[in-house]
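Next up: some structures, all given as structure tokens.
Each of the next two complexes has subunit A plus one other chain: subunit B in the first, subunit C in the second.
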Partner chain A sequence: MSMSSTTAGGAAAEDPVIAAAGLTPAGAKVSRNFDWVIVLIALFLVTGAFHLHYMLLAGDWDFWVDWKDRQFWPTVAPAAAICFPAAVQYFLWTFFRVPFGATLCIVALMLGEWINRVLGFHLWARFPYALIWPSLLIPSALFLDAVLLLTRNWLLTAIFGAWGFGLLFYPSNWVMLAAYHLPVEHMGQTTSVADMVGYTFPRSATPEYLRFIERGTLRTFGGHSSAVSAFFSAFLCMVIYIGWWFMGWAFSKMIWVANPLASYMGLKNSQQS
Partner chain B sequence: MMKNSTPSDRTNSKPWSILIAGMKAATVALSLAAGVVGLASSAQAHGERNQEPFLRMRTLHWYDLKWSASKLKVNDELVVTGRVRAFEDWPNNLPHPMSVFLSTAGPGSVMAKKESYVNEMPVLQSFGMVNGREYEFKLVLQARYPGRYHIHPSLLVNGAGPLAGPGSWVEVSGSVDDFVYPLKTLTGETIPNLATYGMGTVLAWQGLWGFIALAWMLWWLRRPLLMPRHLALLRGREDLLITKADKVVAGVIAVGTIALVYGGAHWAEKKYPMTLPLQGGRAVVDPLPEAARSVDVKVVRAVYDVPGRSMRMTLELKNNSDNVLTVGEFTTANLRFVNKANSAAMAAVPADYPSDIVPRSGLVVEGDKPLAPGETARVTLDATDAIWELERLSALITDPDNRFGGLLFLYDDKGTRHISPVYGAIVPHFTDANSHF
Partner chain C sequence: MSTTTEYVQPKASAQEVGAAEGGASAWVRPATLGIVGLTVFYMLYRIYQGWAGWEYGLDSTAPEFQTYWMNLMYAQLIIVPALAIIWWGYLWFTRDTNLSALAPAEELRRYFVLLGLICVYTFAVYWGASYFAEQDGSWHQTVMRDTSFTPSHIGIFYLSFPVYISCGVAALIYSITRLPRFSRNISIPFVIAVAGPFMILPNVGFNEFGHAFWIMEEWFTAPLHWGFVVLGWTALGVFGLACQLCYGILDVMRRMNVWEGQELV
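Moving on, here comes the complex of A and B:
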């Protein structure tokens, strides 16, 4: 099942999937070209749509290092990020048994985020990279895909995979974030490096008071806010996964609609639908 | 016919001539457009004139501003100091300044903010202001990007947005690559440059996971993907689509992901055992002590003469102080209308103060007589200048609340300044405003 066996028309018939599909060598070649066209289109389509969705729902928490707190960021970011992976997993798994829907979505999202951060945030608005690096979601997506393949069941994927998606988010980002939470003294006050980065590089329309961080009483929960948030996020991810799996179902349905303008187009009644 | 024509014939034919002329015209138009864009980009301002007049005339009044330098090299410091007053007649449609944040307004993050103080209190975080009270601020900035920038102090007010103070042009030379902002943490770590700190770990960790993700997708992409798999699935050959090797790889991915994530988090915990959550508190800043109101000001009538670009106001002034006072300046929306006949007022305008916000025509005080202690008198002030139009303040006639506001600076014979707020209704006039007084 090497690359050459699938791209070279003559050898394509040796592939058991091609053989099972009943494709001729020429048909196999066309289908392979079709694969690459669709993959490229899907990559850019998902990048644009998912990036827009994620920026609208989890934007500032993802944009700025001084918004990445223990409460709202680990709750909001995975919950917003699991929507597209669930829907795309439905489509790719149900019709093709391809289990990389979540990874495809998240890689596309991160591609869009880095393009946006480099061109828009750094080169245009001149924010330093230390302020604007995006959250990492790839480990969560890989786990979600792996659970779907291993269980072959959307409900078990929702229960175990989506839980893992939410739970893995904070520790996978802590590797990068921990250094930004070192304590610093500045102007006689204690603060964190992340707060200092946000303070030092002004955002003329995103003042400090807008930050939705560390609010409410969760911070008193034995000092383990991030763990509580991660479990709450895991629960949210499970619910949202189920909802968006069925969103994928709804958008994968083919519906035939009668053409109300058929008579104006010179079509007979039998040709209307 | 075209088959036999030479290239020169073709270029001389009418359609080609029109096309070539069109291309030339387009080139000229594009060049002009590029020039205009070039001029616009060199301005590097950021829309402070776009704020509605009531936002600039009746929220915050900035004065006594000083910029320590106008030419800097990358890493040089710029200190901006001054005073700001939360206005008494704060617009009803805006939340009061209960939560504000001191920053700068500029084109992006071209200056780093090293320190900021209000009434000598450090303001890393937001704080609250009291209407009718004054605050003294200090901003210490560090030049980061070379260029020419209009740098304003700015107070961002929750619910009202950024309210920028007066701006001054600052030129920065050098290279951004030379910018450094070193820092030392309380745990003894040295941060060589805050702008790039931690990025090695970010790029390595994200790159590693990006590589794993691509490998996982390539595991599937190397095989027939869409149509053959769909057809095979329809024919009941799911067994061919998910092989034993696929399950092993998926198991490795699942277990490996958990192991790598928790291994990484454990490494970070070991490397940085003492960390701090983000600091979401607020600073508490008391206003400056309230000065006794030397002069009570009552607006008898105020008119904005639209064609004449002139604000005229008749005020009733009552001198509560023991000094003889004269009207020196009317300031509103960061503009300083200075009475040129008043030497103390003229001396209060530093030579290096941005001249574009000190209207040349100044403030004309009709019947400019000293106000004796205890005296009540009517004076008419005339602030006429094209700057009302240039600063887009003439748009006040379309505000939903036709009121104006500003500060009146009066001076005694020792040159001491006495500040009184001025606010009231304003009537726009579209014909000769003099006839309405």
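Moving on, here comes the complex of A and C:
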């Protein structure tokens, strides 16, 4: 199609991207407005729905530093966190070739979490930030997006990207967490700094037994327990990514059914048909 | 007779170009009003919670609890549904019954007003599903609950949820009553994106039943809460809705001669 002969609005679009899209200046204005409002909708929607999902599947590990253990936290948190990134990657990559679906989700999640850690946990429930910092997932999300961008293939992203998403979680957080795993002596007992913080700021509606979360032979498992958990989480992430990629596919279907209210709307002419 | 198979659009008139540019920014006003209005309102509510939560919200048998919290909840239960019914009624009774004669410029403007309303809806969802939901965790993991109507629950279940339901249903009614595509057929992704999060409110009944009879302590990842999770997933219906809106807007742009795209499939 010849751009110069068909461009409406009086002037050819000078931006090569807009020219390639066949947009006139007026069309480009409509397109940009659509972009802005969709960005806001996506940000609010993902922050709300993804945060609800994450807090109710991995929230306790995410809220409290003394819940950030070596067994369940590195297993559950990435597995719960990869769901929405996979679905949003499907939608943004398939329809718009936008390669930052995972990063968008995780940044929105972090934003929602930090707003409430400040206004809810700190300023209302009066807990110190040392006890309530959320897990860091941004490196995992960047890796997942990078693999999708480089491979342009969802299956390879599931195999390598989702695997890295799970594996990167524990090392990403280790810098912040390491100090809390140091031992301290308290009333003749050895405990970790994280547990010490938890004892100092009690959650009276959370029974004590729920905090002792390391079970089985984990404590005698050398230094490998967190690595074992991370690899298991990586496997879970691969499987969950595939499932949620197809969740994105299912929710992107444009399904219409005839409006049953049309006959009550008093529509004129052929509108009812 | 044309000898080419290329799709050639006539040039858009200056009037059509101006109408397209004006209509495209129609989302800004409802979105700004909704976002600023909800933010100011919820921040004031948060200040009230901060003051009255610790002062009068710890013992549901105290007379002060009745004064500062139960009366607030009764007011919410009356005012929010009343405003919603007025809003929905206004949208329904002022509907356009001559949609087949709708000018493309006006149709484009309505598409962007609808996007502004969806923006307000998702912002209201953010407050309910993100802010008030996690705030609920911060309160109930700290303070023993002795009632289903706690300072946190009165904010999340009986204020923020009804507010986002009001916004979502209003956006759905707007689309059905003002846009030809959405009046001829019902968008299933739109219905899912509104009805799924709506179902979170009835699910509160199951949540309170569970907390009252099974699990008094607060464990946020307990299976009792997973109904909220599954219903929250339905917000992803916005994916399909965004595609439908995209196609609708492209179709209007083509009819206004401000897009050179080919015929839509």
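Throughout what follows, the second predicted complex is superposed on the first by the 245 of 273 C-alpha atoms of A that agree within 3 Å, B and C clash if a C-alpha of one lies under 4 Å from a C-alpha of the other, contacts with A are read in each partner's own complex, and residues count from 1 in each chain.
What we mean here is this: a residue touches a chain if its C-beta (ideal position, glycine included) is under 8 Å from a C-beta of that chain, and two chains touch if they have at least 3 such contacts.
Fair warning: this is a prediction, and the values are worked out from it, not measured in the lab.
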Which superposed partner A:R70 touches (first subunit B, second subunit C, both, neither): first
Subunit B versus subunit C as contact partner of A:L45, first or second or both or neither: second
First (subunit B), second (subunit C), both or neither touched by A:F95: both
Partner chain in contact with A:A125 - subunit B first, subunit C second, else both or neither: both
Which superposed partner A:A258 touches (first subunit B, second subunit C, both, neither): second
Touched partner set for A:F34, first subunit B, second subunit C, both or neither: both
First, second, both or neither for A:V193, with subunit B first and subunit C second: first
Common interface residues of subunit A - those touching subunit B in one complex and subunit C in the other: 1-3, 6, 22-23, 32, 34, 38, 95, 124-125, 127, 203-205, 207, 210
Residue ranges of subunit C in contact with subunit A within the complex: 6-12, 14, 16-17, 20-21, 23-25, 27, 31, 46, 49-50, 53, 95, 97-101, 108, 112, 115-116, 118-119, 122-123, 125-131, 133-135, 137-145, 176-177, 180, 183-189, 192, 197, 217-221, 225-226, 228-229, 232-233, 235-240, 242-244, 246-247, 249, 253, 257-261
Interface residues, subunit A side, partner subunit B - complex: 1-3, 6, 12, 15-18, 20-23, 28, 31-32, 34-35, 38-39, 66-70, 95-100, 103-104, 106-107, 110, 124-131, 133, 136, 138-139, 141-143, 145-147, 149-150, 152, 164, 168, 171-172, 174-197, 199-205, 207-211, 213-215, 219, 225
Touching residues on subunit A, where the partner in the complex is subunit C: 1-3, 5-10, 22-27, 29-30, 32-34, 37-38, 40-41, 44-45, 47-49, 51-53, 55-61, 63, 76, 87, 91, 95, 112-113, 115-116, 119-121, 123-125, 127, 203-207, 210, 247-248, 251-262, 265-273
For the subunit B and subunit A complex, residues of the former touching the latter: 46, 99-101, 103-106, 108-115, 117, 122, 124-126, 144-145, 154, 156, 158, 161-162, 181, 183-187, 189, 191, 194-199, 201-202, 205-206, 209-210, 212-214, 216-217, 220-233, 235, 237-238, 240-242, 246-247, 250-251, 253-254, 257-258, 260-262, 264-265, 267-269, 271-272, 274-280, 282
